[in-house]
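Note that the chains are named A, B, C and D in the order they appear, and that numbering of residues resets to 1 at the start of each chain.
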Amino acid sequence: MTFQSTLEEIYAEVRPMSGEGEVADYIPALAQIDSTKFGIAIETIEGECFQVGDAAERFSIQSIGKVFNLALCVGIAGDRVWDRVGMEPSGNPFNSLVQLEVEGGIPRNPFINAGALVVADTLLDHLDNPNEDLLDFVQKLRGSDVHFNQKVVNSEKQHGHINTALLHFMKAHGNLNHEVDDVLDAYYHQCSIEMGCAGLARSFLFLANGGVVPGTGARVLAASQAKRVNAVMLTCGFYDQAGMFAYLVGLPGKSGVGGGIVAVIPGKLAIAVWSPKLNSHGNSVLGIKVLELFTTRTGMSIF
Amino acid sequence: MTFQSTLEEIYAEVRPMSGEGEVADYIPALAQIDSTKFGIAIETIEGECFQVGDAAERFSIQSIGKVFNLALCVGIAGDRVWDRVGMEPSGNPFNSLVQLEVEGGIPRNPFINAGALVVADTLLDHLDNPNEDLLDFVQKLRGSDVHFNQKVVNSEKQHGHINTALLHFMKAHGNLNHEVDDVLDAYYHQCSIEMGCAGLARSFLFLANGGVVPGTGARVLAASQAKRVNAVMLTCGFYDQAGMFAYLVGLPGKSGVGGGIVAVIPGKLAIAVWSPKLNSHGNSVLGIKVLELFTTRTGMSIF
Amino acid sequence: MTFQSTLEEIYAEVRPMSGEGEVADYIPALAQIDSTKFGIAIETIEGECFQVGDAAERFSIQSIGKVFNLALCVGIAGDRVWDRVGMEPSGNPFNSLVQLEVEGGIPRNPFINAGALVVADTLLDHLDNPNEDLLDFVQKLRGSDVHFNQKVVNSEKQHGHINTALLHFMKAHGNLNHEVDDVLDAYYHQCSIEMGCAGLARSFLFLANGGVVPGTGARVLAASQAKRVNAVMLTCGFYDQAGMFAYLVGLPGKSGVGGGIVAVIPGKLAIAVWSPKLNSHGNSVLGIKVLELFTTRTGMSIF
Amino acid sequence: MTFQSTLEEIYAEVRPMSGEGEVADYIPALAQIDSTKFGIAIETIEGECFQVGDAAERFSIQSIGKVFNLALCVGIAGDRVWDRVGMEPSGNPFNSLVQLEVEGGIPRNPFINAGALVVADTLLDHLDNPNEDLLDFVQKLRGSDVHFNQKVVNSEKQHGHINTALLHFMKAHGNLNHEVDDVLDAYYHQCSIEMGCAGLARSFLFLANGGVVPGTGARVLAASQAKRVNAVMLTCGFYDQAGMFAYLVGLPGKSGVGGGIVAVIPGKLAIAVWSPKLNSHGNSVLGIKVLELFTTRTGMSIF
């Protein structure tokens, strides 16, 4: 059975479950999304593409952008990234301050908000135009144009009091180098990238390919760095549902509250799913189901 | 370079670091161990064996036994195991009561003490002679005799007030079916299995081989169950250092405070290291170093 | 207006509110109580007695016994009591293990369960027959016979897994000198004293009278010790509602899940209320209301 | 023995202990203080004044200002104050975010920073010139001019990232009505009032006098409101050392990191002490010692 027919089969099977979950509503730009949108795309390192449903339609990648943020930063700063952020699963919701207080302002990992903010702050040490540079980086990964949704950026800024609190808290603990507003600007731009499933899968292929973008052959990360980003995705990529995702799906991946999930099969492919309704952990209900079925039926898993 | 020469090279390189860390001293039987012991063994699913140092000498596998405990239970009770224990990394030390209280008596995962106790309790639902049955199970995996160290069992019982507290706490929350003393007996036997690196690696091969013991061909778990045990090892196998181990080593594995670590490369092999000195997270200092170097030099990693 | 008419007025006014709250049901002996029972008694240091409703009927004083436990222990061991238990409000429910873990096995104060267990353990250092000695002590305070309810003792023992967990946890932290079962026996006897409102108020008069039992003139505690027991009651006597009680009522006091509350006005009197229905903090709904009205109308308050 | 000779005796006895503790150093304006300063003052409701040492020298009252803040707010908004802030001891350090997160943005009490910020925010609902109005209020209590130290205000603003974090966090939870900067401005002014021991004691006399300023007869709070502010001081006035202060001193009071402590004996007097060296809880070492000796020797205590 080809990937295309597998995707179509899974799509048909999972679609009827679309009643479950809730669309993220903390900013209007996300709340207004059509909750029935549903797309899946696979891109292989050999250059094959498979799509079904709304796979071409762009959506807000939200926290998936944290992986681009981290990869760009690891490429520039190497292991020094880890001086200011941990790499352990947090066991807490994505925006918790409790752990940050107990651990003296060092976020648990780069995929909780506090950690992504520290990574953004680290990027500001090295980049004069962090937003443009991030866009260039993602365009290099994807192979074509990528855009921020400025309306989402602005909306996030208006509703982001927890993130502002996290930054002031880390400032108090000496773990912030730049101005709060500058870090927020970089962070919210990263969250506001819009891509479709196909583009997203293509952008993650370098992580399935030892740090090299297939097609162009551009090396973005060392092979060991790419593996390590995958490791962090596996242990920390799904908030307090990381263990469940590893168990059910068995792939490194990352979710966003826009309803996107992207996962990587090292040496083979990247797969992205989009369906806006989220479970109580902030992960796309259909997205997890699709990936569980995909790895079960294809027998593909890193384990 | 063959595995044998790689092991010898790493052994020689890592040996001089043996000053770091502390031997577990909470029970005399562990505290009296010769802290300079150091062995490594690889067993492949094709039946090759590679050893260096004290790889044949038996040691107390301690928490590594939690994997046998879980595998036996999954084989008997299937997914019902997860009704009473979670599969998320805990982000806390292995014997923390805090999380257990906040989460109403449901342990985070089967590799923290509370979780392993619940798994042992579940086994008591199904087994009349749980200690013998566990021993039979491990012997089947290993292909030869395995023993409990009764002195360690007794010593654990005398010093195990935290585990007793955990059990009474779960009893209060309705998450314990059997008598506290019976569960403790099963649990402490599981901790007190003694094996050498070679035997330990061989016993874990079924997890590298889709649930089938290589050689005998005995199916112990379904392929999907074996993958899932690996997934839980990856996210939860090293206490609050699971993320670091995934990052540095990139393999599913499990450590014990006896100084053993065993890891699995799906489709290929299992590797076990023993060195009694532990870091502050309770994981063998040399064990982690050996595995980091092994996966770096061989390029083997699930990521 | 005399105390008698004030009590009668308050009784009539508060009685219709008796629908609120829930009777403690964690042991059958408490769950079976008639929830409409309602009594109030005042005893003054001049020897006057005022009663209304079911003030003579005996009920299970439960955690109010922790004050007898503490007073007996302070009288014997003096300030050494505080080597093993703190005197700060806990800000957590009465049986929380979280704080105990964070603070290394030292309970916050003697009125949470863990703290009362440590006080009981301290008493065992000094007493051969702790239950009889406690009974003698309370009889001396009250001036007549006092009894344990053995059925309650037995019922507590069957349902007390959290207390057992707390003791094993403290044992692990080196904060327990005696056997778990011996401490539990003393603790559950202390909880199972039965008294009526009048007897209870009389028994607390020594705390209103500088440590001396009015009538007999027997000195039980030094004046400064009596004040300090009052101070601990004020800051810690009502679980996580201590601040509210200080605010509304303004008196040192202690509640029990049997529905009793006793409070002290230094230099003047003790007042006890009994009504079995409890609020979500484990304190008698009518008991708090009666005391709030009493101090408001009489203008009596330590503030 | 008169109060004057008691104060002199205690002053002489306690002075040699002045080596213990550390001056607050989080802002330069506090760090530069002469750590040997030491003064005590008593003001009675009959109008007597007793002083010793540096009792006339003005110092930064810091968190003692939270009592003025609360009293002004209770006078204006009455019990509605408690809709947005609790009245329970926190059991945590004064600036903890943990509890605030667990309890959904409602601070435990008005004397931790988060609580005082909410009280300041509530005052902004009612006052157009909150800083002037607060100054007027304190001048009315004291009977003469009171000043802010503008240098301290500015310094606090530069170092107050935790407070800013707290405000953004409460904004996210819907428990902040006004702009973060406006609330901070009011809050830091309140912290930056400078008074001497004598002035401070006089300013607190209304709390010893049922809400009426002795001398002028001005009613500031209802009698029940004054009692309740005292109750909150007793249970929450000394951070995580409130229970200890109640036990050792037995009076309602409030401390500040400037080294001041003020306490109230209802119906009698107010007493203020100033010595800049703080214990690990942020309370003046000599201040607590002086008050302990004072209540022990005079037998004055609310218990």
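The working rule: contacts are C-beta pairs under 8 Å (C-beta built on N, C-alpha and C of every residue); 3 or more make two chains touch, one makes a residue touch a chain.
Given the structure is predicted, the values throughout are model-derived calculations rather than measurements.
Novice: Going through A-B, A-D or B-C one by one, find the pair whose contacts repeat those of C-D for over half of the pairs by residue number.
Specialist: Selected from A-B, A-D or B-C as the counterpart of C-D: A-B.
Novice: Looking at subunit A with subunit D, do both copies bring the same residues to the contact (over half shared) or different ones?
Specialist: same
Novice: With chain centres defined as mean CA positions, report which chain is farthest from subunit A.
Specialist: The most distant chain relative to subunit A turns out to be C.
Novice: As a quick test, compute the distance in whole Å between the mean CA positions of subunit A and subunit B.
Specialist: Measuring from centre to centre gives 32 Å for this pair.
Novice: Counting only Cα atoms for the centres, state how far subunit B is from subunit C in Å.
Specialist: So the centre of subunit B lies 48 Å away from the centre of subunit C.
Novice: So the centre of each chain is just the mean of its C-alpha atoms; given that, what is the distance between subunit B and subunit D in Å?
Specialist: Between these chains, centre-to-centre, one finds 55 Å.
Novice: What positions in subunit C touch 2 or more of the other chains?
Specialist: none
Novice: In the complex, go through subunit B and note every residue touching subunit A.
Specialist: Within the complex, subunit B touches subunit A at residues 86-92, 99, 108-109, 223-224, 226-228, 230-232, 234-236, 240-244, 246-247, 250, 252, 266, 296, 299, 301-303.
Novice: In the complex of these two chains, what residues of subunit D are touching subunit A?
Specialist: It comes out as residues 96-98, 100-102, 161-162, 164-169, 171-172.
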